[in-house]
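After this come two complexes, each holding chain A, first together with chain B and then together with chain C.
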Partner chain A sequence: MSASAAEEAASAPGPAHTDASGAALRLGLLAVLLVLCLVPFLFVLAISFGHKIEGAGWEFGFEFTHYARFFFGAAWPESFSQLYWQRLGYSVYFAAIAAVLAVALAFPFTYFLTRLSRLGQTIWLVILLSSLSLSEVFIVMGWDILLSARSGLPALLDALGITDWTKEIGWFRWFRDVGLASPRNFKFKTSGFATVLTMAYLVWPYAVILLYPALSRLDPSLIEAARTMGARPLTVTRTVILPLVRLPLVGSSLLLFVFLLGTYVTVTVFADPSQHTLAVSIYDSVRGSTLNAPFGAAQSVILLVAAGGFLLAGRRLSAAAAS
Partner chain B sequence: MRLRWWGHGFMWLAGLVLLMPILVVSAAALNGGRSMLFPPEDPTLARFGEFFVSEPVWREALWNSVVIALSSAALAVLLAWPAAYFIWKSSDRLSRVIAGLMAMPFAVPPIVFGVGLGFMWAFTGGLGTIWAGILSHAALFAALPLVTISIGLQGIDRAHLDAAATMGATEGIAFRTIVLPQTIPYTISGFFFAMVLSFNEFIVIFFVSSSSYATVTLQIFNSLRNGFTPTMAVGAIAFILVSVAAFSLVARFGDLPRLMGADQTRR
Partner chain C sequence: MVDLVLKGIRKDFGATRAVDRINLTFPHGKLTALLGPSGCGKTTLLRMIAGLEDPTHGRILLGDEDITALPAHRRRFGMVFQSFALFPHLTVADNIAYALAIEGVDKAKRRARAEELLELVQLPGYGARRIGELSGGQRQRVAIARALAQEPRVFLLDEPMSALDAKLREDMQVELRLLQQRLKITTVVVTHDQREAMTMADQIVVMSHGHAEQVGPPQQIYSRPANAFVASFIGKANFLSGEATGGRFRVGEFTFEAPRAPSFLTGSKVTLAIRPENAVIGGKGPNALPARITFIRDVGSTRDIYLSTPVGEIVVEYGAGESLPPMHVGEDVPLQLPPETLHVFAREPEAAA
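Coming up: the complex of A and B.
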C-alpha cells in the first residue's frame, strides 16, 4: 500500500511537470523569436527617428528630418525634390512588371507540370528548387554574360544578321530611342529591359512553387466535363481553370512583388543609375557612399509601409471580387 | 488527361531558359583568360584549383559559407521543431504568435530585415561576428523547417497516438516511438532547405557581416567592381551542385510533391 502511495506521489507531479516545462519552453522560444524576428524591425523604426551627427554616426532621438527628406528632398524648404519618390516609383515599377510577368509565364508551366507523372514532377521540382535557391549574384553573373556586347545576345543578333536587318527595315532607330541599342549595335546593359528580365527570372521558380498546390488540387473531372461538352482548350482555361485559381494567382503575384521590392544586386548591375530603386538608396545610406543610418532606416520604414499597403489593397480587392 | 505536345514544348522551352544562365556561367569557368567569354577561350581547369585550393580568399569564403549554412540550418531546425510541435498539439493563440513571428522575416523585403539585424547586432556588439551571422540566418530561414515539419506532423494518424495512450504509453514514449520516426524525413528536408538558402543568401549576411568576413556570395559581390572572373564561375558551379544534391536527397528520402503541397489522392 505504501508502495502504491509512493508511486502515486511520484507519478502525480509527472503531467504537471511536463506541462510546466512545456510552457517554459514555449515562453523561452517566444522570447528568442521576439529578439531575432521582431526586435530588428523595432530598431529600424526607432533609428528612423534618430539624429544624424555630421561627420560621425548617429544617436537616438525623435525627429522627422529623415522622413521630411524623403517626402520633400534634402534641401527642403528652400527647394522641393521628388528624387526619393522617384526611387520608390522605380522600385514599384520594376517589381510589379517582373512579378506579373513571372506569374503569367509560371501559370501555364505549372499547369502542365501537375499533369505529369509523379516521377516527372519530382525531377522538375528538383530542378526548380535548385534554380530558386541559386544566389542572386550567380544569376546576375549569368545574365551579365548573356546580355554582354562581346559574347551575349547582341553578338548573337549581329552574327545572325538580325542587327543589319532591323537597320534596313528601320526598326533599329526605335530600339535606339528606347535605349536598347548604341548607334551601331544592340546594347542591353544597362536597361530597364535587362533589369525586369533578370528580376522575372529570379522569381519565376518561386511563382511555380507557389501556384503548384492550387493547380495540383484542381479537379480534373471539371476540365474533362467541359471538354466533353465541346469547349476548346482555351475556353476551358478561361472559363473553368482561371476562375478557380484566381486567388492563388493574385496572392503569389503580390508576394513576389513584395519580395522584389528589396532586390539589390540586379538593380545595381543592370539598371541605369537614373533608374535606381529605393533598395539601392537604402544600401547607400546604411553601408555605402552616403552613410546616414537614420535616413536609411526611414527609407526602410517607407518601403515596408508601401509593401504592407500593396498587400492590404490586394487582399481587399480580391476579397471584394470574391464576394 | 494527357499532356499534349505543345504542353511539353512549352515546358522544355521554359526549362531551357531556366538553365541558360547556369550553363553559360558553368562554361565561362573554363576560360583561360581573366574575362568571362562565351564560348570559353583557351579552355582550362586551372580555375577549379584556384577556387578550392590555391587562393586563400576563396577558400576562406567557402569555409565561412559552409560553417554559417550548416550551423544556421541546424539552429533553424531546433527553433522550428518545438514551434511546429506546439502548433500541432494545440493551436492556441501563443502557438500562432510563435508561428507568425517565425514567418515574419520571410514576408518582408529581405533588405529591410538585413538593415534591422545590422542595427541590432551593432547595438549588442555582435556585428561582424560569425555567430551573429548564424543567428541571423537561423531567424531568416526558420520558417522553412517550420513548414516541412508541420506537414510531417499533419501526416501522423492521431488514432495511433490514442492507441498508444490506451496501452499505457506516456507522452514521451509516444513521441519517441510514433511522432519522431514519422517526422524525421521532413525534419531533414527542412534542414536542407534552410541550408541551401543560407548558402546562397546575400543581402542579410552583407549587412550582418559588416565586411569583417566574407562568404562566397559576399566575396563575389565585393569583387564585382573589377568585373566577374572565371574563378567566381567555379563557385557558381559548386553551389549549383550542392543545391541539386541536397534537393535530390530530399526527393529520394522524402516526398517532394507532397512537401510542395501536391494533391495526395492523385498519382
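Coming up: the complex of A and C.
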C-alpha cells in the first residue's frame, strides 16, 4: 500500500516548467552532450581512418589499414596474427573477473552496512566516498609495495613460516605452477592475480555505492518472513535476497566491467607484458613506443564498440530476466 | 493441548526497556490480542514470540518445550507482517508454498497445498498471479495463506489490518476470526485498534509502557477496567478527579457513591470514570448533579450530548434506538451517574500527566 503510494508520488509531475525554459534546458543539455561526448568520439573515429606517414605523423584520409591490422595483424595478407584480439581478450578477461570479484566482495559488506544505524552508515559511506579521491596511480603504488617480494606479502608469508608450511604439505608446487611463486618464495608480481586483485580493489567502493540503494531499499520484513517460514540464513540469501537484488548485481557488474576495460596503470605494473590489454596497446600507439595515432584510434573505436556491445547484451539479458 | 506461556519476559534495547515483567498464557486454540498504543512494546513482544528478537530475560514455553533460544526458522510459527512482506519475485502460489519448498516438499504437493490454501482464504485460481497485480485485501489473504502453509504451531499477526481501508478492515476482522475458529489455532494478534481486538479476541492483553495492564476477555476488560489507562484506551470514558472520604468519593462540592469500587483510605486521591452510555440525563436518585447542554453531536447511530457540570465536562451517549426528550444547546438538565456504573481508580502520579 505505502509502496504504491510512494511510486505515485514519485511519478507525479514535478514543479511545472514553462515550455520555453524547458526547451532551452533541453537544448543546453544537448549541446553539453555533443561537445563532451559526441565530438571527441567523432574525432577519434575520423582519425582511425587516417593515413600514417612512415617516420612522421599522420594525415586525414579514408583507409581501413588500421582496422585490418587489428583484425588480421600487421603483416596481413602474408601472415595472420591474432595479437590484438588477444589484447582485447585480456581486457575482457581481467575486467570481467575483477568486476565480478568487486561486486561479490561488496555485496555482503553493503548488506551489513545497510543494517547498521544511520550514523554508522553515514560514517562508512563518507570513508568510501573519500577513498574514491585516491588516484589509480596511488593505489597501484600501494599494492606494488604490499605485493613486493622483499617487503610485502611474500616476505610476510615467509616470516610467518607459511611459505615453508605450504612447501611441507606440497601446495607450494601448485602456486609455482600457476605462476604465483618463484622456485623458493611466493611471487605475486607480475601475475594475473595481482592485476585482478588491484583492479577489483580499484572499483570496490563504486560497487558498494552502486549496490547500496538496492540493498537499503530491501524490506527487512521480507527476510524475517522467510525466517519464520523455516529458512536458514543462507537459504534466505539464496531464495530471497539474491533474487531481489539480481538486477542491481548484474547491472553493477556490467558497469564496473565496462569501466575496467580502460584500466591502464594497474595492467602496466602488475600484468605480464604478454598479458597486456588493449588499453596499454592504445597508449603505446598514441603516445608510447609505436607512435601510430590512427591505429591507436582504431583500437579505441573497437574497444568502445565492444563495451557498447556488452552493455547492450547485458540490457537484453536483464530485460529478458525481468519479464 | 499446548499453551504458549511467557514467563518474566523483559526486553532492553540499549538503555530503553521496551518490554518488562510479562507473564502471560496464550491458551491453545484461542485468539489473544495484544492491544496498546504505539510504542507500548506489543510488537516487540510478538517478535520475541516469533523468535525475531531475543528476550533480555525470561522464558518462552510452548507446552513443556522451552523455545526461548530456538531460532525463528525452527519454531514453525506462522507470521503475518504489517507490510505483508510478500516476495515480489515469486508468484502467489510460490509465495504460499515457500515454507514447503524450503522443507523440500515436491512440486505437485506444493501446488495442491497452495490451491487448497487459496480456497481457504477465498482466492481460488489466483496462484499464477504476481504479487504486484493484487489489491491490498488480496495481499493480506495471500499473507495469511502463506503463514498457514506450514501448519504453524502458533499463528502470529502484526497489525494485520493497518494497511487496509476502513470498510475492508471490518470485513477482514470477522473473516479472520471465523477462519481462526475453524482452524482452532493458537493465535496472537497485535493491534492498536480496540474495536479490532474486541471483534476478534477471546482474550485481550492491554499493554502500555512495556507492561501488561490488564488481561481478560473483551467484555470483562470493557466493563471492569483495572485502571484509568485501560478505561480510557478501551472504549470512551469520562474522568473526574476526586478524593476518598469514608467509603464515598468527593469531587468538588459533590459526593458520589460507587458501591462496586474497592475501598480506599480516606483522603487518598482517586480518579472516577463513567462510560458515556452509562450516564443518564434526567435521571433521579443518588449521584445526581445539575448540568447544561453545550453541544450535541448526532452521527446517526449515536448521539453524544456534551454537558458542562460543576465537576467538569461530561459526555453522555445515546444509541439511535433510545428515546430521549427533545434537547437544545444551552438547556439545563439534571444528570445522574448511576452508582453501580461508576469506576474508581487510585490516581497514580504518572497517570495524571
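The working rule: the second predicted complex is superposed on the first by the 290 of 323 C-alpha atoms of A that agree within 3 Å, B and C clash if a C-alpha of one lies under 4 Å from a C-alpha of the other, contacts with A are read in each partner's own complex, and residues count from 1 in each chain.
We adopt the following convention: contacts are C-beta pairs under 8 Å (C-beta built on N, C-alpha and C of every residue); 3 or more make two chains touch, one makes a residue touch a chain.
The shown structure was predicted, so the numbers you read here are calculated from the model rather than taken from an experiment.
In this superposed model built on chain A, chain B and chain C occupy separate space and fit side by side.
Contacts of A:Glu224 after superposition: both chain B and chain C are touched. When chain A is checked against chain B and against chain C, the one touching more of its residues turns out to be B.
When the shared chain is aligned, chain B comes close enough to touch A:Ala279, but chain C does not. In the superposed model, A:Pro205 lies in contact with chain B only, and not with chain C. In the superposition on chain A, contact of A:Ile47 is made with chain B only, not with chain C. Contacts of A:Leu88 after superposition on the shared chain: neither chain B nor chain C is touched. After overlaying the two complexes on the shared chain, residue contacts for A:Val245 are found with neither chain B nor chain C. Of the two partner chains placed by the overlay, only chain C lies in contact with A:Arg232; chain B stays clear of it.
Superposition on chain A places chain B within reach of chain C only down to 8 Å, the least C-alpha distance between them. Judged by the document's definition of touching, chain A residues 224, 227 lie at the interface with chain B and also at the interface with chain C. Chain B makes touch with chain A in their complex at residues 1-3, 7-8, 10-11, 14-15, 17-22, 24-25, 28, 36-39, 79, 82-83, 86, 94-95, 97-98, 101-102, 104-105, 107-113, 115-120, 123, 135-136, 138-139, 142, 170-172, 196-197, 199-203, 206-207, 217, 220-221, 224, 228, 232-233, 235-236, 239-240, 243-244, 247-248, 251, 256-257, 260-263, 266-267. If you check the complex, the residues on chain A that touch chain C are 1-2, 219, 221-222, 224-232, 235, 239-240, 243-244.
Remark: chain A residues 14, 18, 22, 25-26, 29-30, 32-34, 36-44, 47, 105, 108-109, 112-118, 121-122, 124-131, 133-139, 141-146, 148, 150-152, 201, 204-205, 209, 212-213, 216-217, 220, 223-224, 227, 255, 258-259, 261-262, 264-265, 269, 279, 282-283, 286-287, 293, 296-297, 300, 303-304, 307 touch chain B in the complex.
Residue ranges on chain C touching chain A, taken from their complex, read 50-52, 71-79, 81-83, 85-89, 98-99, 101-103, 136, 146-147, 149-150, 156, 163-164.
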